[in-house]
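Heads up, the next two complexes both have chain A, just with different partners, chain B and then chain C.
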Partner chain A sequence: MSVIYGIMDVMLPFEFMRYMFMKNALLAILLVTPLFGMLGTMAVDNKMAFFSDALGHSALTGIALGVVLGMPNQMAAMLIFGILWAILITFVRHHSKMSADTIISVFSSTSIALGLVILSRGGAFAKYSSVLVGDVLSVTQEDLLALLVTLIVTAACWLLLFNPLMITSVNASLARSRGIHARLTEYAFTVLVAVSVMMSIRWVGVMLINSLLILPAAASRNVARNAAGYMRLSVLISLVCGITGLVLSYYLNTSAGAAIVLVCAAAYFVTLPFRRK
Partner chain B sequence: MSQVEHKHIHHPHAMKHSDLADCRLCRIEVDQLGVTLDNQVLLKDVSLHIHCGELTALIGANGAGKTTLLRALLGQIEYKGTVRHLSSDGRPAADLRTGYVPQQLEFDHSSPVTVTDFLAGSLSRRAVFLGVSRKMREKVMKALARTHCEKLADRPLGALSGGELQRVLLALALVPQPDLLILDEPVSGVDQNGLEAFYQTVDELKRHNHMAILLVSHDLDVVERYADRVVLVQGTVIKQGSPQVVFDSPEFEQVFYARGGRA
Partner chain C sequence: MKKGCFLITALLVLLAVCCPCAAQDDDMVIVTSFYPMYVFARNVANGIPGVTVVNMADQNVGCLHDYQLQTRDMVTLETADVLIVNGGGMEQFMDKIAQSYGELTVITAGEGIDMLESAHSGHEHDHDHSDEEGCLLNAHVWLDPALAQQEIRSIADGLIKADPEHADAYEANACAYMERIAALDGEIRTLLAPYAGEKIITFHEAFTYFANAYGLEVAGLIEHDSGEEPGTRDLANTCDLVRELGIGALFVEPQYPQKAASTIARETGASVYQLDPVVSGDGEMDSYERAMRENARVFAEAFGK
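What follows is the complex of A and B.
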């Protein structure tokens, strides 16, 4: 770790980089943004923006469960809840005749309300308000390690999942005829998103996490000409916007997550005129 | 496994008029196929032969079970009965390999995924965001050439017209070369020129590659012009034979013209 900090001191001789929390925050951004830039491409292509929003909201209940169960188990509680919740929404979506919008709304509002009820018990919600907007400045070295593992595992899964997801997004029946297990692919993707959301939610925040997933990919598809460009540009946009947002938030003294999302939104609007007709 | 009785050996063209006739071509024999889903009988006792080098059209009213039959043949749903792939001498041939061109494509048309990405992603496990190798690109171009759409290689999938998209999907369905090509109403919402181009290509494939083709269509003009055999489905096979035989049958009349019918 000290080697990394040393390198950062030499390469980034800026005033804001003198603080340890800024160094950690920057490292967290370098790990979280590519994760979401990557997953976002297929979330958008599979029309799952609303679904992933529900997953983000479910993190509130996850955090609440973690608080109830105590710190040592918090991460495990969040992960298990996130994965089960994601599988449940997907299952209900496939086995119900109701429209996906309605089902997702039901799940989304349930998890928000449940999380709020638990966290606000005894009027103590103010203490947890940071989970709404996230606090990337409080990242510790252990958190960074967890994020690094998440990124590596997700990237490895992504190598296997990208093609099946791309084909399934065009036509599930066609995908099946080519030997792709469309349902399994969808569940695997859902779980991947759920894990990434839960691992990052404390730094990015319930209200902002979905923007981080959707905006870079949406901006990238404005200008990308093929799948490779789409992916690379989405990761690049989220990285650049993440760093820019963090630096801006330091100087403007605002929430880092919100600043990052605003820069992502700016990237989307700047690229919009270049959209192919 | 025993075969359906050899009633008589026919010239390939003569057999059009008899049901379930044997022939000297390789074929796919569907015997007593039934599908029950959620205690609802969708198909029962479906028996038909699909011959190589012929286009067999499935017709019937909405809800008659055409798509269910396709899904059974594609192995996507469970069914009773047997589907056998037999070589020209009546012996079991290698496992049936199917190619499939789906019906509707309601995908996100603003995605940057190109025709090449889509084919490369279907033909190889290598994640396409790593880039498409030169070798794979050659393979994709070769596949596209078979349906005359090399020019579309770098176009985004969502920017294609209905007819172009169907030809691209047909190109994909041909790799690896299938024994049975299944076309699920492939040209709904396609303009007249696109429709002609598509069926000309299908006809070429039938003639040059000796492929068995199964088409589900509501377009009876297309069926009349391009099908060698027609199978009328209504929960089961209620009539099969040459287009003329089926179109002139009372069963056909009942399904498509009877008052109060479901068609």
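What follows is the complex of A and C.
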């Protein structure tokens, strides 16, 4: 770890890099943003923006359940609940005639209300409210390791899933004729999103996590000309916006997460005029 | 947060409709707005037949900064004869109470205490600790035992006025309690005397009064409200300050998120100590004294290193 810090000291001789927490935050951004840039493309293509939002909200219930069950590490509770919740939403979506946005909204509001009811018993909510905004500046070295593992696992799954998902999202019957199990692919993808969201929600926060997933992909879609370029650009945009946001938050003295999302939003609006009809 | 409280309120409306209110009787019911007022009032009203003290907010609620009146509180207030509040903007819901219960006798314990200006003043907040002029105050006066005695005096005076029948008992209780607090004050003073002038960094303005009372200096204050991320630059500047002044201890309060404190601690090698702002506890008669003794011990331990 000290090797990495040493390299950063040499390569980034800026005032703000003197602080350990800024180094850690930068590393976290380098790990989280490509992940989200990658998954975001598919979430945008498959009209799942609202779905990932619902997943973010379910983190609150996950924590609440962890607290109720007396689990020492709420991370595990969040992760398990997030995965189950994602599978459940997808399942109900497939087996109900109601439109997807209604179903997702039902799940989203249920989970946030349940989380609030449990966590605010006795007014103790203030203690957990930090998960609503998150704080990338409080990332520790152990957290970075966990993020690194998540990135590697997700990227590996992504490589396996990319083609089947792509074909499914373009043409479901074509996918079936190729022997691709569309449902299974979709479940795998939702689980992947759930894991990524839960692993990074403590640093990004319930309220902002979805923007990190959707905005870079949306911006990239404005200008990209083909599928591969679309994804590469999305990863690039989220990386650049993440770093820019962090640095800006230092000079403007704002919270880091919000600054990053604002830069992502700016990227979207800047690319909007270039959108091809 | 607001959205959440709305949900809770809606739930509680349902509950309140289901459960009929307790039958009223001729007893004197004193309702207190939050924990320190509850402990003070319990001591002043101790052992007087027919007088009960009820705390309004759930005792696990911290400072009332973000508190929204719950339906349960409204039910409690329905039976109240007297309401004791801290004042200084701590109870932001007072205007609502004044609207619904105009007739209710309100005792403002912090009345007449010259409160400090709040660190919030520089910031824009949609919910403010404001007095009539709109200036923000730091209302955590009960953490200075001398000011706590003043609050107890005000509570006793108010109760004597509202319930003259038991005037002697209130007076005797208040005097005995204030003597105990005065003894506590002396005890803490002796314990912390060697550390006068020590610089401290806190994460909530509650302990400014304590620091002023015992000659400690608040060098830095990172207001890290629930649901608020600290500014990146603020965090960096505080780290510099901690290094510059050679501060070895950061003081946090258990009711608030401690991420900023642990980030600064990791950055600078300072240790994090927990203080008790006496806003929650077991509600025993001596809980204020116990909590304050423990706070003094924590300070002594932190400086003694």
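By our rule, the second predicted complex is superposed on the first by the 270 of 277 C-alpha atoms of A that agree within 3 Å, B and C clash if a C-alpha of one lies under 4 Å from a C-alpha of the other, contacts with A are read in each partner's own complex, and residues count from 1 in each chain.
Simple rule for what comes next: a residue touches a chain if its C-beta (ideal position, glycine included) is under 8 Å from a C-beta of that chain, and two chains touch if they have at least 3 such contacts.
Just so it is clear, the structure is predicted and the values come from calculations on it, not from any experiment.
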item: Chain B versus chain C as contact partner of A:S255, first or second or both or neither; value: second
item: Touched partner set for A:M20, first chain B, second chain C, both or neither; value: second
item: Touched partner set for A:M231, first chain B, second chain C, both or neither; value: first
item: Partner chain(s) touched by A:Y5 [first = chain B, second = chain C, both, neither]; value: neither
item: Chain B versus chain C as contact partner of A:F269, first or second or both or neither; value: neither
item: Partner chain(s) touched by A:G134 [first = chain B, second = chain C, both, neither]; value: second
item: Which superposed partner A:K47 touches (first chain B, second chain C, both, neither); value: first
item: Contacting residues of chain B [partner chain A, same complex]; value: 71, 74, 76, 98-103, 105, 107-108, 110-114, 116-118, 121-122, 124-132, 154, 156-157, 159, 169, 173, 182
item: Sites on chain A touched by chain C in the complex; value: 16, 19-22, 113, 116-117, 120, 122-127, 129-130, 132-135, 137-138, 140, 205, 246, 249-259
item: Chain A-touching residues of chain C, taken from the complex the two chains share; value: 1, 4-5, 7-8, 11, 57-62, 66-67, 226-236, 239, 254-257, 259-260, 262-263, 266-267
item: List of chain A residues in touch with chain B within their complex; value: 41, 44-47, 158-160, 162-163, 166-167, 169-171, 173-174, 176-178, 220-221, 224-232, 275-276
